[in-house]
Amino acid sequence: MTKPVCLVVGAGAGIGGTTAKRFAREGYHACLARRTDKEGLDRLVGEIEAESGSATGFILNAAEENSIERLVETIEADIGPIDVAIYNLGAQIGDRTLAETSLKAFEMGWRIATFGLFRLAWALCPHMVQRGKGTVLVTSATAAMRGNGGQHSHAAAMGGRRMLCQTLNAQFAPRGIHVVHIVIDGAVDAPDTLGKMLGPARYQELRERKGLEKDGLLLPAEIANTYFHLAHQHRSAWTHELDLRAFSDLPWWNHPSLSL
Amino acid sequence: MTKPVCLVVGAGAGIGGTTAKRFAREGYHACLARRTDKEGLDRLVGEIEAESGSATGFILNAAEENSIERLVETIEADIGPIDVAIYNLGAQIGDRTLAETSLKAFEMGWRIATFGLFRLAWALCPHMVQRGKGTVLVTSATAAMRGNGGQHSHAAAMGGRRMLCQTLNAQFAPRGIHVVHIVIDGAVDAPDTLGKMLGPARYQELRERKGLEKDGLLLPAEIANTYFHLAHQHRSAWTHELDLRAFSDLPWWNHPSLSL
Amino acid sequence: MTKPVCLVVGAGAGIGGTTAKRFAREGYHACLARRTDKEGLDRLVGEIEAESGSATGFILNAAEENSIERLVETIEADIGPIDVAIYNLGAQIGDRTLAETSLKAFEMGWRIATFGLFRLAWALCPHMVQRGKGTVLVTSATAAMRGNGGQHSHAAAMGGRRMLCQTLNAQFAPRGIHVVHIVIDGAVDAPDTLGKMLGPARYQELRERKGLEKDGLLLPAEIANTYFHLAHQHRSAWTHELDLRAFSDLPWWNHPSLSL
Amino acid sequence: MTKPVCLVVGAGAGIGGTTAKRFAREGYHACLARRTDKEGLDRLVGEIEAESGSATGFILNAAEENSIERLVETIEADIGPIDVAIYNLGAQIGDRTLAETSLKAFEMGWRIATFGLFRLAWALCPHMVQRGKGTVLVTSATAAMRGNGGQHSHAAAMGGRRMLCQTLNAQFAPRGIHVVHIVIDGAVDAPDTLGKMLGPARYQELRERKGLEKDGLLLPAEIANTYFHLAHQHRSAWTHELDLRAFSDLPWWNHPSLSL
């Protein structure tokens, strides 16, 4: 295959799938990996192909030993060199007190959000180093910047992820690999994640109150625009960290200013 | 005029002028303001016009009372609504001990790097609020994130600038004005600033050692790419802060890792 | 005089005066400087003397040219070497929109909160360098860490102050001068500042709701404990930055977690 | 027992053991837990008793399921209420490239540095909540603030730890539990950790070059002073995060300033 490959780990109907489509539209072969929903995966592949793009779908249990590693090897061997990898798995389980956060849930948060990225880098970076180039875009969250109440599992996992992005950058940027830590600071208009967490009724209510014409939810297609830009920054001017939020949302560092 | 206007305050031969050219190429009327060098300013305007773009040059002493304010009013009245403003003035004076940093130099640092932005916002934001949209891109520096030895004036001024970007964002983002704090973390291949600070011989030596084919200096044209992207992010997914550095440079938060 | 001197710039009835008393109780001669209220100043000196301490009061307009510089020289010449300096001036003017923040107010914020500290350091550090030791404790605010809505003047000034503390630390820590940036993250139970900003009725209401037996306001005497500790850290284990807040208050980096 | 209990998890000859001694000297019963070296542990207990203090030693494999949890229950049941817990375990393995960092090492880093603290909090916080008070002091590292080259395992684990400290603080501070994240930013003069990592010859060379009379290594006894202060801050003025470093060391956020 002569197309460059864009691998999306965590390719649901939100940021992952939408970004995959965007890269496919620009000439990449999209490799889509997600844990469940073969049907949704096939639909995504179909949608990309309907736009004359090309894509391959993979069902992947990222928590499973060797799964990510094998996926990388398979793609590198059978499809082509992975030019861009997007790590888009999270383990947000909603607000839970410490007592409600089981050891298992805490460990799973780390396994998905921190360890999975480590394993992806472990498998992929040697390939990229050999080619002297490559991009790893990491979808992250405000929880990587500060730990809110109820976010024991998510924040600890994302905080680890952020530091890992920095250590990867420290080692690999000089070798031509661009690692970006992207802080999504707000609710994304994504049926697979936010929609599932809230349930259909509350999700629709939120979309009507903040989203739709009001742009108060992060739109995946607009996020994908910035992902694409980041993957194409020239190596003389790379971004390592940036935030993304809806214009009407309160940044994580601000408290509401009641008197304005 | 039907073209949108892009105002660049601090339009030398580096980030400012190059970004102005980029916006002009994309259909903006570029308003270029700089303190001195009428000839260089005219040359920039000429280069833009030679590419079928349009531009107006202004000699502006930003430290002078009312200067920025008058410039904004003049452009809004005579040229057109300012869609994008790029504040690109700094006051880097090189490393100086506290004893070598005069009260005057310290004040001038603030006057240019912090107060000037405040005055620009003061004059411009009301216009943008009326239109419900606008972008303010602020070129900043690592000194806004941490204060290195010898940077008393520059760091204090840039730290103030960073916080001001956040307070502007807090008030104006919900009104549709996109304020971005752009951390340039490294040396820019710019003859007007770096070149002047180092002198021609050391500048050329640095370019040969790190820049040119090695991409080890930040290239203004590549920075301009990201500026343009930021100015065109959809309001559902705005970036407020990001860093830019050459792939081979040490980020400000890292110490060299001797053993790797 | 054989007592070490502790200079407090901004010695009102809150953090400044209370800290001065604490140092006086521990054997320091307290030099108290404040802008107005000679009577209150004399009362503070009297209270210190009533506890068998010693103190000198100064009325000081810190914004006035050469005022801080002269104060330092006077104390060094007439009273004794300044061992500890506490810079406790701020310029919080409450929440104001950009339009409500005059150029004059913005400049005064910087002049008091950033430039005054620069001038203090300029005058004092050479003395301390000669002695190979000294402590500069800087009372700062959350506004140094992030810019909230309505805080244009305060945040820009405090952001500059924070970076200045870092550049001072970078130059002077290796010479034995301990500079500490202390982030007061919450309302202080201080009649001179919070009390004046809120007015007596709202202040009393707040004290009853959060403070008094509830410890929901920062108590100056408890803050003073930590100031004293910081000034006596051994140089092998110095703190440069820390936060202080009431246990029941939301840290600046947290948003309320509604569901817990 | 009527003495308050101070539990130190990770009580070697450096910060842990020294802090335990300090608390014992101030009237606490010290519970010392460490993974190996029963002899060293007994010696520590003996030294505390020789100063008329009281202490109990525990050999604890913190990575083992249920070990920390059982320790907490044992102490609470048999010795007394844990007033102060100091989590002092780390998993610094020195600089290693990604290829040299095994999955196992990366997981172990997390298991010790992040998960262990989570488990301690899980077991201990309910007890403290019932009493409406308690202190958890967490020894952390610069790696929690930024990820240096070669620190994949350590930084990811410490970054997770830092966020966990914040989520614990968010939930438990209002319930009277003081959680502190202490950033040790430099080499500690500790034979058990630094000494083992460097080997006796390099350790002694470093001590002679930077430490001893030069105070260029963090002295455990001085660190313990600040730990003790933190544990006794009044709840109206708590610190959540602070740094500690030797006066002559470069803070993590600074690059050397060559020209000063």
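Letters are used for the chains, namely A, B, C and D, taken in the order the chains are written, and counting of residues starts over at 1 for each.
Methods note: contacts are C-beta pairs under 8 Å (C-beta built on N, C-alpha and C of every residue); 3 or more make two chains touch, one makes a residue touch a chain.
For clarity, every value in this text was computed on a predicted model and none was experimentally measured.
Between the chain pairs B-C and B-D, more C-beta pairs are in contact across B-C. With centres defined as mean CA coordinates, chain D is found 44 Å away from chain B. Annotation: 33 Å between the Cα-based centres of chain B and chain C. Residues of chain D found to touch two or more other chains are 97, 146-151, 166, 169-171, 253-254, 257, 260.
Taken as a contact graph, with one node per protein chain and an edge wherever two chains touch, the assembly is complete, since every chain touches every other chain. Put simply, chain C touches chain D in their complex at residues 166, 169-171, 173-174, 176, 178, 189, 215-219, 222-223, 225-226, 229, 233-248, 251, 253-254, 257, 260. Interface of chain B with chain C (complex): residues 97-99, 101, 103, 106-107, 110, 114-115, 118-119, 121-122, 125-126, 143-144, 146-152, 155-172. Residues 94-95, 97, 145-151, 250, 252-260 of chain C are the ones that touch chain A when the two sit in their complex.
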